[in-house]
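So, here's a batch of structures to check.
Here come two complexes built around chain A, the first alongside chain B, the second alongside chain C.
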Partner chain A sequence: MNTRPSLFSLTFSLPLLIWQLAFFLFPLAFLVALSFWTVRNFQMQPDFDTVNWVKIYSRSVFWDAYFRTLLLASASAVLISLTAFPASYAISFKLGENAKRWMIFVLIIPFFTSYLVRVYSLQVFLSDAGILNAFLGYLGLGPYSMLNNSFGTLTGYATLCLPLVILLQVFSLNFVNRDLVEAAHNMRCGRLRTVLEVIIPSAKAGLVIAGLFAFILSFGDFVSPLYLGGGNPPTLSIMITDITKSGQQWPRAAVVALTMIATLLTVAFAAIKFAYREAGK
Partner chain B sequence: MLDTPIVHFDNVVKKFGSFTAVEKADFQIARGEFLAIMGSSGCGKTTTLRMLAGLEDPTEGNILLDGKKINGKPTWERDTPMVWQSLALFPFLTVQENVEFSLKMRKVPKGERRERARKWLDRLGILEFADRNISQLSGGQRQRVALARSLVTEPKILLLDEPLSALDAHLKVRMQSVLSGLQKDLGITFVYVTHSMSEAFSMADRVVIMSRGKIEQIGTPEEIYREPRNRFVAGFLGSSNVFDGRLKSSGNEVWQIETEHSSFNLKAPSEVQKTDGSPVAFAVSSENMSLATIGTPWAGNSIEATVVGGEFAGASATVFLETDQGQELKVQKGHDELKTVDIRAGQKLLVHWLPEHCHVLPGE
Partner chain C sequence: MTAKLTHPTRRALLKSAAGAALATPFLSIRAAAETVNLSMLAWYGHAEPDVVGEFEELHNVKFIPKYYTGGDNMLGLIAQSPPGTYDVILSDAEYVQQLNAAGYIEELDPNDYAFDDFFPEFQRFPGHWKDGKLYSVITRFGFLGISYNAEVLSESDAASYNIFGDSRLTGKLGHFDWHLPNLGQISLLNGNPDPFDLSDEAWQQVQDSTMALRGQVGGFFDYGGTFSSLKNGQMTAFAGIGDWITGVLEKNGANVRTAIPEEGGLQWTESFSIGKGSRNQEMARKWIQYITSPEGQAKSADMAAYPALIPNKKGWVQLNDANPAEAKRQNMVLGSRNAIDLIREGRIKYRQLPVQQSLEDWNDFWSDYKGA
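So, the complex of A and B:
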């Protein structure tokens, strides 16, 4: 086989390649280099010193933030996937073609307004004297603290990810061969069991990738943990801003950022490998 | 119990909105019978099968399985396993797990499940692929997995929806013999939906021919081939020429039919009663028609027609002709027999056949 790329394919793939080199690979390499620089008198200077790596990795504050961020992002991926699935299933399997198109349109609408605006308006709902607590108080419940804690952060993550996760799940469920569902019913597999035994395994790749998106978006998000989670204790993205603000420590922020990138790459790789794993030899 | 038919369609109607997919289906399927339901796409054959499987509900009428009414029973409460046209094998399970699936749903213990699945894989000659993924199998092997998966519960009836349509010609013939062999060995009822006459006629004990939701004829392949009931069946079999006319005189031996061409003689049918002057349609199989040069003396029925074209591939040749009245005729003959006549397009020839080769269509 001829493996040399043709001029045609090069014409279309070169811009992407150049873009990736200029705006991803080069900055990444620069970030790696930066993490070995040193700061003297609030001035960065090129160097090759592992001091930043040692300093960051030896602090328990960093590791606390790391595992908190990992836990929050994982919880976000799992909870949002679980919340999304019944809706996605209903849209894909129970609605007519017309209603399905409307629902997809409705799910795109949240992306029309800025995420930041949506998060600010959530404060009105979640604060101690907010709309939700007022309503619950009317029922004789609460008040509950829903802001400046993990609940607030996760609610923010859901605002960010839920519509996207439902859309991705709907598209993958739409590709499930309906014959498989009927065949399962025909072999005595009831409705709920068919969802678990046939529909979820059939759509596995898409469902895992939808969850992966929720993880990636939540893991790197700065807005929700700060404005709804209160920012203290910090997540990794909040920690990066804190570090840069205090004494121009860009090299140490680079260490945190590189750790985040490595984590995302590992998780994404593992998730995709799991998503496309086939049965049998 | 044994003398009751395994399946009884009692005046079953299926409508989708205002569209009638199946119109008053009324027939029975005997125990151990291989029944083929045949027709072109959209004729209602698959809907009929799906109603039996419990995947569609009849709008009117009853379906009885083993003498018991099964309308409204969901498919998972019936024992009517089906083989899909797409096979519907689970790509996320191995071959073995696919075959075990319905046993697992029936809560058969793991060890027994495994053993029974392996027995069927072995019987169908695919045991060596037990741990493979479905995507690694060939079309014929997948076919066998689908059969094993449906037969593993040892049902009394198996429904098949065009299972061979995706296979190439050689494999198709091989799977046909696998299927009819299995059906004979197991002695269970097969209901086989197909659009292919060769599949239906080579395997089935009886064939149901459907068109636009209606059953046109039910009978053994031989009955249908020799005695098509109406114009549709005669046309569907693809080798009959149909003539319309009026009964001029009905003797004991010979009927004389007046048509727009001329009058034809045919052997009086024993099972059809008609009064003189009533309309009659009859079919003549294209193999029973011969060609001769104009002017050749001939004692039987004959008609003049112009050659339109021909197909000369294969063991026999098919010549297409048209009469002066515009009726199309088709004549199928061995190459040797056609040597004596000139069959260029535009040539006028004498088409002739014997009275005993005319078959009166009783349904017209």
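So, the complex of A and C:
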């Protein structure tokens, strides 16, 4: 067996490796180094000082923001997964081939316009005198406060993640073996029980990864908490911009960023391990 | 004649083509030799055609703007670029001293600028001069007070900062997301004669008074968010801003305005300096002369990005001739009670960096307040 990689395989695998090194690993290493630098008179100076870590980690406002962001992103992953599932199930199991293709096309359309534009236009729907409250007013309800709070932030997260989560769920449900569903029905398993005990376990990996995507995108998102959540109260991404704005404290912002990256890596590894764990083990 | 132009004879075509070919090098040499690229570091809007267009044509200059948001951002940008990167630098007054201390700006000759035309208050603006030497020339300023939606609040409602605690503003009070103007206003409410020179006790009281408003706050907004939430009525009142935001909205038909309450208002002040090591000092000087001249001042007052008051008395006259409506809207009419009278009555305090505390203390409190 020839152990030397062929020119063919290198041509295709090297660019990816170089890309990862240049645009992920090196910047990450730089971010670690940066977190030990100091700032004097608005100028960053190479240094090895733990002051930034101590300063950020000793402030309760950081931990409040951290757990708030964690909670919001988890809520976003769970709520969006739950909202998406009935739609994905219907698309995958109930629609004909042609209708399915159309639905997938429809789910891709939101990506044609910028996320920032979509979020800005949502303000028109969610504000106190906005379209939704006007509509609820006709029904004798409201007005409800939907902007500049966590509801606004979560609506923004859903704008960002919902189409993607439905798509990922649809693709994983498409791979569920239809014979298993039929077998369950033959054994007089009810519809709901079939979904819970046959379909969801078979599509578990895809469903978990869809939820993971929602978590990752929401955890780092800046646009929704600022423009729909009103920065009230702030998430970690808003905190990063605040820190860089006040006194050019990029090293302290690096500490927050590294904490976010560590959290995302931990959650991603745990989710993937859970997704691919064999039943019974 | 038309037939001649659309179907020229061979001779006519050759003649005009040859003429054009001969003239072309002269055109390009002329243009290349004289166009000066002048780099400007400024808040958004200062190098847009409505302000610089006429000057660019007059002096064959092309402005290369670099826009910043906030003094810290500006200092960071200068710190990270080689000397001479920016020819002209627009700065808020409280940051001029820091620019000067860091050696980022050139000393200026006061005789180059028409200070005699300025209102006396602005002939020696604090911070722009150091040891009798001039480093920056004031070009415009504005007041910060209570900005409010006039459909919900009346002018008498907005006569005191106490309105921030009113039940009508619960969840409807917006903050422009910068500690200095917001905390300065609360400091005025607390009756501090110099809102930024606070003893530890007074500083603690400002923190307590601010924290008491936390339940009223509907959000913390950047420039764009401030505009949209005032415009769509989501926020009824704003702390920390002034006519520089509401003036733009008002000119576009929104029913919002800014009042200077009885506890007083704050003043922001913008001035131009010449960057240390600039290779276009002559042109930079001409620009500052232009923007502080009556014509330049009238343009500056009505700048599309955000309007402002102007320090040049002759500029007021020019503005009243050219654009009386805007002069009236901004209260810059000579001979009647106007913006300068507010200053003379002592109702306006300059926005400054904290005197007794460090900027970091104020920053830290502001992030605690936001996170609370």
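Basically, the second predicted complex is superposed on the first by the 273 of 281 C-alpha atoms of A that agree within 3 Å, B and C clash if a C-alpha of one lies under 4 Å from a C-alpha of the other, contacts with A are read in each partner's own complex, and residues count from 1 in each chain.
One rule holds for everything that comes next: a contact is a pair of C-beta atoms (placed from the backbone, for glycine too) under 8 Å apart; a residue touches a chain by one contact, two chains touch by 3 or more.
Everything numeric in this text was worked out from a predicted model, so none of it was measured.
Student: Should the pairing of chain B and chain C on chain A count as a clash or a fit in the superposition?
Tutor: Fit - chain B and chain C, as placed by superposing on chain A, sit side by side.
Student: Who does A:232 touch here: chain B (first), chain C (second), both, or neither?
Tutor: In the superposition, A:232 touches chain C alone.
Student: Quick one: name whichever of chain B and chain C touches more residues of chain A.
Tutor: C
Student: Between chain B and chain C, whom does A:219 touch in the aligned arrangement: first, second, both, or neither?
Tutor: After superposing on A, A:219 lies clear of both chain B and chain C.
Student: Look at A:198 in the shared chain and tell me whether it touches chain B only, chain C only, both, or neither; answer first, second, both or neither.
Tutor: The answer is first: A:198 touches chain B but not chain C.
Student: Considering only the touch criterion stated at the top, classify A:278 as touching first (chain B), second (chain C), both, or neither.
Tutor: Only chain B is touched by A:278; chain C is not.
Student: So in the superposed three-chain picture, is A:157 touching just chain B, just chain C, both, or none of them (first/second/both/neither)?
Tutor: Once the two structures are laid over each other on A, A:157 reaches no partner at all.
Student: Applying the touch criterion given at the start, work out whether A:37 contacts chain B, chain C, both or neither, answering first, second, both or neither.
Tutor: So A:37 meets neither chain B nor chain C here.
Student: Return first, second, both or neither, reflecting whether A:182 touches chain B, chain C, both chains, or no partner chain.
Tutor: first
Student: When the two structures are overlaid on chain A, which partner does A:242 contact: first (chain B), second (chain C), both, or neither?
Tutor: second
Student: Considering only C-alpha atoms, give the closest distance between chain B and chain C in the superposition, rounded to the nearest Å.
Tutor: So the smallest C-alpha gap separating chain B from chain C comes to 45 Å.
Student: Which chain A residues are contacted by chain C in one complex and by chain B in the other?
Tutor: none
Student: Could you list, by residue number, the parts of chain B that touch chain A in their complex?
Tutor: Answer in residue numbers: 53-55, 74-76, 80-82, 84, 86, 88, 90-95, 97, 101-102, 105-106, 131-133, 135-136, 149.
Student: Please output the residues of chain A touching chain C within their complex, sorted ascending.
Tutor: 41-43, 59, 61, 64-65, 120, 123-124, 127-130, 145, 147-148, 226-227, 229-234, 239, 242, 245-248
Student: Sort out for me which residues of chain A touch chain B in the complex.
Tutor: It is residues 177, 179-180, 182-190, 193, 198, 201-202, 204, 278-281 of chain A that touch chain B.
Student: Which of the residues in chain C end up touching chain A in this complex?
Tutor: Within the complex, chain C contacts chain A at residues 69-70, 72-73, 75-76, 79-80, 102, 171, 177, 179, 217-222, 225, 228-229, 232-234, 359-360, 363-364, 366-368, 370-372.
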